[in-house]
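Before anything else, here is the set of structures, which you'll find just below.
After this come two complexes, each holding chain A, first together with chain B and then together with chain C.
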Partner chain A sequence: MAAEGSSSIDALSQFKLSTALGPIGASVNFTQSNMMMVIAGLLTLALLWVGMRPRAMVPGRLQAAAELAYEFILSMCTETIGPEGRRFFPFVFSLFFFILFGNLMGVFPYAFTFTSHIAVTLALSLLVFILVTVVALKEHGVHFFSYFVPAGVPKVLIPLMVLIEVISYLSRIISLSVRLFANMMAGHVMLEVFGAFIVMLGAAGAIGWIPAALSLSVNTALIGFELLVATLQAYVFAVLTCIYLHDAVHLH
Partner chain B sequence: MSEERGGAGDSFEDRLKAARSRRGLDAPSSGGSPWGIGLRVGVELVAALVVAVAIGYGLDWIFGTRPILTAVFVPLGGAAGVLNVYRLFAPKRGEGGGAHNG
Partner chain C sequence: MRLLPAALLLFLPVVAHAAEGGMPQLDFANPLTTSQVVWGAIIFFVLYLLASRFALPKVGEVLEERASRIAQDLETAQAAKAKSDAAVMEMTEATAKARADAQATINAELEKAKATAAQQAASLNEKLERQLAESEAQIVAARTAAMGALRQVATDTAQTVVTRLTGAAPDQARLNAAIGGALASRGLG
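After this line comes the complex of A and B, so read on.
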């Protein structure tokens, strides 16, 4: 989020990809986005591995966090999907913490938010979509396609309803990915815009100092808001995954 | 720790849940800020439309019937978007035995 010395607000250059890890990264096109993904994965592992190493009866702070995380996702799975939800617990857990750490790390200056790229969120939502469809096909076989035929519809309307249902089913890919992407991107654009206000107004002399201070306070509030959005969007993504898995396991 | 649930523990869980919701400690799950709800509705509507246009355009491209199928699928996408929004606010299917399949 560096806008120093620039006279115009350049809110989107923060999403530009560049290669990380020097010449090695450049030769295989390993971007800073990939770098943050690796870090997010490692942090998830570290939370569990380092957190659970003491195996204390009375947990310390990190162990308590790890246990809370485990139980939070487990109860989300079992309550939303049902008793079968345990099977999907590892998937939902990895998904939630991958997105959560990606979102949270993005709030730090100089860090990159990989969830602010539609390519990443679309890949994640395609993963969820394909998993849900495969689970539904495995559970119900051909009967799965009855999902697209709503009950109690006159025969004449069934072709129309099936089409609408299929579109509605496919639109999950878009809505799941766009929601996460739009939230993260909008938040970071706002931060950048108000950050640029601070610099530009602050440089404009004494007249600009009061509005610059106002922008600074807005940005302070925005950082807090971003933390909320980061957690909330990871939660929403995981909960929607659970709801879709519930539909796949129970059909209706 | 949640392994202790089930069996006799259920009644305590239920009572705890009831007490928590009485005190307003559990946030209502379908709630969220008006801004959040608005964004969700918007995303659902647009997503269905995007998928429908993509399907219509793709089929047009395959069959060479350029504007017709896109035009057919746009209202269908709008309908699917409304269906999505209805599902968002319809009574929950799995709750309270109300077998409502939307």
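After this line comes the complex of A and C, so read on.
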């Protein structure tokens, strides 16, 4: 989201992919987006690893944060999915912190936000969708397909209802991925646009200083808002994953 | 949160023509768009493996350790409390028993003292009673002696009086009878 002082606002180039790690990265198409993914994963592991190193009975700050993160996701799993949720806890934990750190790091200047790429969020939501379907099939076998037949529906309406249910089931992939992608992209476009306003208006001379200052205050507020959105969207993604897993385990 | 996509739609026409080729995210002709997903899958899989195998169990261990330690400490505290409760109960019981013992001792001593006192009073009474009886007997004896003397005095007096008046000694038998009668009539015979 670096704001270059160009004459026209180029809000989308910040999403452009390029290779990272020099010629080695280029030869295997390793992008700066993947670099951020690695950092997000390392931050997640570092929180747990470094935080839990003292193994103290009375935790210090970082250990308390690691334990808080652990218990937060664990309670989310067990409360939403039920006692079976413990099985999915490592997955939901990795998912939540992968997305959370991806979102939060994106707010830093010059950082790339991998969650602002539909391909990435789509892959994540497909992963969740496939996991949910596999779990449901494993848990209930053929009986799983009764999920698409709502109880107490007149026989005539069943084909229509099944169609609707199947569509709503499949649309989870789209809603889950687009929600995250659109939120992240929108925030970063706004930041870029207002950032460009500051530069353009500031360069226009004394007349532009007041609107430039206004744009700066808007951007300041937007960054706070982005932090909220980053956290909230990671949470929403994790909670929806848990809800879908609940449906898969319990079939409503 | 819902506003952002709407705002994005407002901005899109403005920014879209500025960025030739549209959104880079939808540029699937770019091999990097798909390669980042492949790399992403690998990175996420490694993250999941490391988190689920090593990092998370470590946290779980510490939390479990703490929970068991807390449970153990609570148990110890509970045991100590039960012990102290028992000690308090024992002490209360001992106090009550000591108090009852003391009361019993006091009562016994009291009874004993009462019995002694009663005995002493009884013996004193007896002694007094005896003295009283003795005194009464002495009085009666003295009275009898006095009575005997009275007859003697009366006889002598009557003899003297009669002798003086008549000049002759009275008949002894008649005098005795008269005095006996007089004494009897006064209740002194």
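Everything below uses one rule, namely that the second predicted complex is superposed on the first by the 251 of 252 C-alpha atoms of A that agree within 3 Å, B and C clash if a C-alpha of one lies under 4 Å from a C-alpha of the other, contacts with A are read in each partner's own complex, and residues count from 1 in each chain.
By our rule, a contact is a pair of C-beta atoms (placed from the backbone, for glycine too) under 8 Å apart; a residue touches a chain by one contact, two chains touch by 3 or more.
Since this is a predicted model, take the numbers as computed values, not measurements.
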item	value
Which superposed partner A:182 touches (first chain B, second chain C, both, neither)	both
First (chain B), second (chain C), both or neither touched by A:33	second
Touched partner set for A:71, first chain B, second chain C, both or neither	both
First (chain B), second (chain C), both or neither touched by A:115	neither
First, second, both or neither for A:91, with chain B first and chain C second	second
Partner chain in contact with A:103 - chain B first, chain C second, else both or neither	neither
Overlap of the chain B and chain C footprints on chain A, listed as residue numbers	67, 71, 182-183, 232
Contacting residues of chain C [partner chain A, same complex]	1, 4-5, 7-8, 11, 14-16, 18-19, 22-26, 28, 30-37, 39-41, 43-44, 46-48, 50-52, 54-56, 58-60, 62-63, 65-66, 69
Residues of chain B touching chain A in the complex	1-2, 36, 39-40, 43-44, 46-48, 50-52, 55, 73, 76-77, 79-81, 83-84, 87, 93-94, 99, 101-102
Chain A residues touching chain C - in the complex, by the definition given at the top	8-13, 15-19, 28-31, 33-34, 37-38, 41, 44-45, 48-49, 52, 55, 57, 63, 66-67, 70-71, 89-91, 93-94, 98, 114, 116-120, 123-124, 127, 181-183, 185-187, 189-190, 193, 229, 232-233
Of all residues in chain A, those that touch chain B in their complex	67, 71, 74-75, 82, 150-151, 160, 163-165, 167-168, 170-175, 178-179, 182-183, 232, 246, 250, 252
